[in-house]
Amino acid sequence: MIIRPHRHWFLRLFAWHGSVLPGILFRLGLNLAMSLIAILCVGWYGSSGVKLTLAPFSLLGVSIAIFLGFRNSVCYARFTEARQLWGGLLIACRTLQRQALAICPHEVPRVTAMLLAFCYSMKHQLRRSDAREDLTRYLGDEAEIVLQRRAPTNYIELQLSQWLAEQRRQGNVSDMVYVSMDQSLNQLTQVLGGCERLASMPVPFAYGLLLHRTVYLFCSLLPFALVPDLHYMTPLVSVFISYTFLSLDTLAEELETPFGLANNHLPMDAMCRNIEVNLREMNNETLIPPAILPDARFRLV
Amino acid sequence: MIIRPHRHWFLRLFAWHGSVLPGILFRLGLNLAMSLIAILCVGWYGSSGVKLTLAPFSLLGVSIAIFLGFRNSVCYARFTEARQLWGGLLIACRTLQRQALAICPHEVPRVTAMLLAFCYSMKHQLRRSDAREDLTRYLGDEAEIVLQRRAPTNYIELQLSQWLAEQRRQGNVSDMVYVSMDQSLNQLTQVLGGCERLASMPVPFAYGLLLHRTVYLFCSLLPFALVPDLHYMTPLVSVFISYTFLSLDTLAEELETPFGLANNHLPMDAMCRNIEVNLREMNNETLIPPAILPDARFRLV
Amino acid sequence: MIIRPHRHWFLRLFAWHGSVLPGILFRLGLNLAMSLIAILCVGWYGSSGVKLTLAPFSLLGVSIAIFLGFRNSVCYARFTEARQLWGGLLIACRTLQRQALAICPHEVPRVTAMLLAFCYSMKHQLRRSDAREDLTRYLGDEAEIVLQRRAPTNYIELQLSQWLAEQRRQGNVSDMVYVSMDQSLNQLTQVLGGCERLASMPVPFAYGLLLHRTVYLFCSLLPFALVPDLHYMTPLVSVFISYTFLSLDTLAEELETPFGLANNHLPMDAMCRNIEVNLREMNNETLIPPAILPDARFRLV
Amino acid sequence: MIIRPHRHWFLRLFAWHGSVLPGILFRLGLNLAMSLIAILCVGWYGSSGVKLTLAPFSLLGVSIAIFLGFRNSVCYARFTEARQLWGGLLIACRTLQRQALAICPHEVPRVTAMLLAFCYSMKHQLRRSDAREDLTRYLGDEAEIVLQRRAPTNYIELQLSQWLAEQRRQGNVSDMVYVSMDQSLNQLTQVLGGCERLASMPVPFAYGLLLHRTVYLFCSLLPFALVPDLHYMTPLVSVFISYTFLSLDTLAEELETPFGLANNHLPMDAMCRNIEVNLREMNNETLIPPAILPDARFRLV
Amino acid sequence: MIIRPHRHWFLRLFAWHGSVLPGILFRLGLNLAMSLIAILCVGWYGSSGVKLTLAPFSLLGVSIAIFLGFRNSVCYARFTEARQLWGGLLIACRTLQRQALAICPHEVPRVTAMLLAFCYSMKHQLRRSDAREDLTRYLGDEAEIVLQRRAPTNYIELQLSQWLAEQRRQGNVSDMVYVSMDQSLNQLTQVLGGCERLASMPVPFAYGLLLHRTVYLFCSLLPFALVPDLHYMTPLVSVFISYTFLSLDTLAEELETPFGLANNHLPMDAMCRNIEVNLREMNNETLIPPAILPDARFRLV
C-alpha cells in the first residue's frame, strides 16, 4: 500500500509513486501514436465516405463510465472487505488474548504463539509464499507438521481449539467460559473463511474482460472521432480521456485481488507486526519488535 | 466458473473462453446485417421524410446504461450472496467439526459423513441433479431414505440435530455445550435457507424483460440513427455499441441464477471437494481426495 | 409472482404475461396520439416562435433516468427485504421445529400447528384478507380468540412463548435450553416486526409523486421535441422512450408494496405451503399437501 | 408522514397534499420571472457578445443530477435507518414484554409502564418537545425525577435495569434468564443510541450547502441558456426542469432530519400508540386506546 | 463539525462558515485567470488550427462526475462508519455502566473512570494528540503507565478486563454474568479496532490521485473549450462548473480522514463529554460537566 506522500493539492498533481501511471504509460504512448496518425490522415479521411463523429462516442463513453463505475465499486468492496477481515483478525486476537489473560494467565505465552502463527500463516497462505521461517519462529518443530498440511492455517486454529478443549477437560475453564472462548475462536474461523473466499473467487471473469475490451477499443477509436473537431488538439484530449478510463480499469483490476504485493494491495506484513506488538504488549513483554513503516517510496508492504 | 486465463493486458483482449461473446455472436451478426441494410437504404432514406437522428438515441442509450447498471448490481449481488453462503458453509462445517473434535472425538467420523452429505445434497438440490451417488458414498443405505424426501438437505441436518440431542440425552454434552453446537447447526439452516431463497426467487421477471426488450430494440434501430453521420463506419460503431449492451444484458442474466453450470456460475463441485479436504485433514485422515482444478478451457465446475 | 416463462432470448422479446405492458398500454396510446398531433402541427409549429428542441429534453431525460434508477433500487430493496424476511421465517420455523424435536418430541404437533398458524396469520395480516379458514385449520376453536385481536399474529407467538414458559415451569427444559429456544422465538418477532414495518411505512410519498409527475410530463412533451428532427419517425421513438420510462415507474410502484397480489408481488401462498411441507416432513407425517405451482399464465400467488 | 392519497395514476398527477410543491412554489415563481426576463432580453442578448448556450448546462445538469442522486440516497438511508430503529423498538418491547409474561407474570404491569414511558420519552427527546404529560401518565410522581435528567430516556431504561437486577437479587430470575433479558434491554440501548446519533449528527453541512447552491445557481441561469433555442417555450421547460431539481433538493433536506413534524417525517405519535396497543393487548387488558389514523389531509403525525 | 447555521433557503446560499469555499478560493481564482486568458486569446485561437470544443469535455465531465460520485460515496461511507463506531462507544459504555450498577454497585466509580479514560485515550490516539491531561484526570498516577504504551487505549481495556476477572475470581460475579459483561467489553474492542482500521487505512491512494488530477486538468482546459460558444460569459460558467467539481473533490478528501480537526470532521471532544454526562448522571453524581456547544462560527470540535 502507498501511504499518501504529499499533502499540498498542487504537489499532489505530480505524485509519481503510488500512481497507476507507470503501468499504463506504454498504452498511453500507443494512444498518442494513434492520435498523430489520425491528424495525418484527416485530409484523406474527410474526403472519403469513411468518417467518425463524436456523438456515438459520447453515448458509448458515458455508458462505459457507468459500467466502469459499477466495476470499481465491486472491486473496491472486495478490497474493503479484505481490510475489514484483517481488522477483525486484530479484534479476535486481542479478545482471545484478553480472555486467556483473565482466565488462565499461566497459559498465555502458548496462546500468543499460536495466535501469531495463525496470522503469519494466513498471510503466507493468501500470498502463496513460504511460511517456514515465520512459523518456525512461533511454533518451533511443530512448524514442520503445519507446513505439510493443505490447509495449514486452519490446522493451527484446530490446535488452539484442542488446547482449549484440554483446559476444559482438566477443569480449568467451566463450560460457560469454554463456550465463550470457543465463540472467539469462531471469529478466527470466519476471518480465515472470508479471506479464502476473496482469494479463491474473483469477480466473474467476463465482467473484467468486457470492460477491458470496450475501454481499449473505445480509446483506440477515440482519436479518429476527435480529429474532425479538434485537429491539432486531438493528442492532448485523447490521451487525457484515455488516461482517465485506462487508469480506472487498471486500478479496479488491482483492487480485485487485494492480497498481492502491488501498490494498492493490503500491507499484510505491517498488519501482522501490528498484531504482534499488541499481543506482546498485553503480556507486559519487554522485547517488542518495532512497527513496520513505509519505505522511501511511501510503500508499506 | 472461468479462472482468469491470461494476465497480460494485450492477450486478454482476445480471450475467447470465459467471454460471453460466443453466446451473442448470432445477435451481433444480425446487427451487422441491419447496419449493411441501413447503408444501402441511406440514399432513399435521406430523400424521404423518414429519418432517425442520433440525439434521441443518445438520451435513450444513457438511460438504458443507467438501468442496465442497476440490473447488473442486482444480479451481481445475488451471485455474491450465493458465494458468501457457500463460504459460510465451509465456516460452519469447520466449526462443527472443530467442536465435535473437542467435545466428543470418538463420534467425529459420523459427524464428518453427515456434514459432507449435507454439502453434496445441497449442491444437487440447487442444481436439480441426482444426488444418489454422492449420498450413498457418505450415508450408505440411509441415502435411500434421504432421496425420497422433498426437502432432502433439511432432512440430513435434522439427523445431525437428532444425533446431537442423543448425545445430550446420554449426558455426553452439557446443556451449555449442546446449545453452543445447536447454534452452529443454525448456521447450516441459514446457509440452506439462503440458497433455497436465491434459487426459488428470481429478480422480478418484468425487470429482465423490460431491459431485454429495450436493449434489443435499441440495438436494432441504432444503425439507422448512426448511418446519416457515420456512413461506411456504421457497422463498426453499431456492432461495438451493441456488443457492450448485449454482453451486459446476457451476463446479468447468467449471474441472476448462480447455481447452474454456465461459465459464470458457482463451481460447487470444487467447493464441496474443498470442504471434504478440510474436514478429512482435520481428522488426520490419510486418504484425502485431490482438489478439483480448472480444465484446459479454464473452467472450474 | 411470475415465474420466467420463456428462456430463448428471441421468444422472450414478446412475452406478454408478467410484463407491465398491459398496465401502461392506455398511456402509451395517449403518447401515440400526442405524437400524431405533433406531426400534424409541425408545419404551423415551425413557423411560429413556439418551438421545442431535443437538447433540454436530453438533459432532463438523463436526470430523470438517474432519479428513476435511485427510486428503483429503493423499491427493489424493499422487495428484497420482504423476501429475506420470509426466507428468515422458513429458517426460524425449521429451527424451532428442530429444537422441539430434539428437546420435547411429544409436544411437537402442537408446536407445528402454532408455527403454521403464525405463518398463515402473518400472510393474511399483510394482505388484509380473512384468516378465519386457515387459522381454524390449525388452531381449532382457539382461532376465534385470535381473530378478535388487533395484532393476531403477535398473539399466536405469545401463545408459543407461554407454551415454552410452561415447559420450563414443569422442568421439561432447563433455563439454558429455554433461553436458546426463546432466542429462536425472537427471530419470529423480528420477521413479524420487519414485515409490519414494510407494510405500514411506504417510501416517502413525495418521491413517487415527484417522479410520477416528471415522467408523465416528460413523456407528454417529448413528441413535440422530437418532431422537428424525426418527423414521421416521431411516434416510434416517442413511444419507445415512453415505454422505457413508464414501465420502470410502474414497476417501481409495484415493488414498493411487495405484499399484494400483483404480478411482481411475493407468492406468500406458495411460501406458506412450502413451510408446511417442510415442517410436516420433519415430523415424518404421511399426509403432506403438494407444493403450489405456477398456473398456466406462469403466475405463482 | 403522508399516507398515499390517490391510487389512480391520473389523479395522482395532481396530488397537492404530501407534495413538496407548496414549499417551493415561491422559488418556481422566481424562476418563471427569470424566464420572462430572458425572453424580453433575447433581442439585445443575441446582438451583444454576452450569450449562454445549452451545452455547458447540459454537462452541469447531468453532473448535478448525479450528485443530487448521491445526496438523496444518503438522506433516504438516514430516514430508513430511523424507521428501522423504531421498528426495532417495537420488536424489543414485544420481546421484553413476552419474556416478562413468561418469567414473572405478576410484575408485568410495571414493565409495560416503563416500556411505554421509554417510548414516549424517546419521542419527546428526539422532537425536543415536552414529555411531562406523557410521562406522568405512565410513571406518576416518578416522572418529575425523569424530567430533571439531561438524558431522561436513558434514565428510564436504567430503572428497568435496576428492576431486573432486583428480581435477580431476590432469586426470581436465574443468572441465565437475567442475562437473556439484559440482552433485550441492550436492544433498547441500541435503539436509543442509534436515534440519538441520527438526531445529533447531520450529513456534513458542506454537502447540502454545495448542492443547494449549485442547484439554485443552475436554475437561475437556465432560462438564459434555454431562450436562444426555445424562445416562447422557455418558461415551460425552465420551470419544469427547476421543479425536478428543486423538489429533490428540498425533499432530501426534509428526509435528512427524520424526527421532525414535516410531511415526510416519521409518524412517531402513531408508532408509540401502536406499541401501546400491542403491549396492552398482550396483557389481555380491556381498555386499549384506538390506533392513530391519518387526518383529512392524509397526514399521520 | 459545523452545525447548520441558517435554515432559510435564501440565507443558506451565502453561508460562509462550514463551506469548503475558503479552501478552494485560490484555485477558483486561477480558473478565473484562465478564463480571461481564454477570452483574450480567442481571436488568435479561432484562426489557428488549435481549437477545443465542448463535446469531448461534455463526455469527460459526465464521466468525471460519475467517478467523483463513486469517490464521494466511498469517503462518506468512511465518515458514517466512524460516526457509527463512536455511537457504538456510547452504547457500550452505557451498557457496561448499567451492568456494573446492577451487579456490583460499589465498584461503579472505578468502572466509570476506566470507561471515560478509554474514550478520551481513543480520541487522543486517533488525533495523535497528547492524552496526559485527560488520562491523569481519570486514572491518577496510573496514567503514566498507560502513556508509555504503544497501544494505550487497548491497555486501558485490558485493565477493565483484569478488574472483571478479579471480580469473578472473588466470586462477586458468576461465570454466566462474567461472560455477559465480557461480551460488552468485546464491543469496546470492536469500536477501538474499527476506529484504528479507519485511521490507519486510507482509500487506495491512486483513487484520490486519479480524480484529483483529472478534475484539475479538466477545470484548467475547460475555459478554452467554453470560449468559442460563450465568449464573455466564459468566466461565469467556467468558475461555476469548477466550483462544483473542486468542492466535491475537496470535501471527499476531508471526509476520507474523519478523525481530524477540520470543519467536517467528527466532534470527538463533544462526544466524549456527552458520554461523561451520561455515565455520571447514571451514577446520580451531582457535579456533571456541561455539554460542549458549537462556538460562534457554528463549529463543534
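Going in written order, the chains are labelled A, B, C, D and E, and every chain counts its residues from 1.
In this text, a residue touches a chain if its C-beta (ideal position, glycine included) is under 8 Å from a C-beta of that chain, and two chains touch if they have at least 3 such contacts.
Here's who's who by UniProt: A, B, C, D, E = Inner membrane protein, bestrophin family.
The model shown is predicted, which means the values in this text are computed figures rather than measured ones.
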| item | value |
| --- | --- |
| Proportion of interface numbers common to subunit B and subunit C (over half same, under half different) | different |
| Separation of mean Cα positions, subunit E and subunit A [Å, integer] | 24 |
| Centre-to-centre distance between subunit D and subunit B (centres being mean Cα positions), rounded to whole Å | 38 |
| Residue list for subunit A, restricted to those that touch at least two other chains | 55, 58, 62, 66, 69, 73, 176, 179 |
| Overall pattern in which the protein chains touch one another (line/ring/star/complete/other) | ring |
| Touching residues on subunit C, where the partner in the complex is subunit B | 1-5, 9, 12-13, 15, 18-20, 54-55, 57-58, 61-62, 65-66, 68-69, 72-73, 76, 79, 83-84, 87-88, 90-91, 94-95, 98-99, 101-103, 174, 176-177, 179-180, 226, 229-233, 236-237, 240-241, 243-245, 247-248, 251, 254-255, 263-264, 277-278, 281-282, 288, 291 |
| Touch list for subunit E against partner subunit A, complex | 27, 49-53, 55-56, 58-60, 62-64, 66-67, 69-70, 73-74, 149-151, 154-155, 157-158, 161-162, 164-165, 168, 175-176, 178-179, 182-183, 185-186, 189-190, 193-194, 196-197, 201-202, 204-210, 212-214, 216-217, 221 |
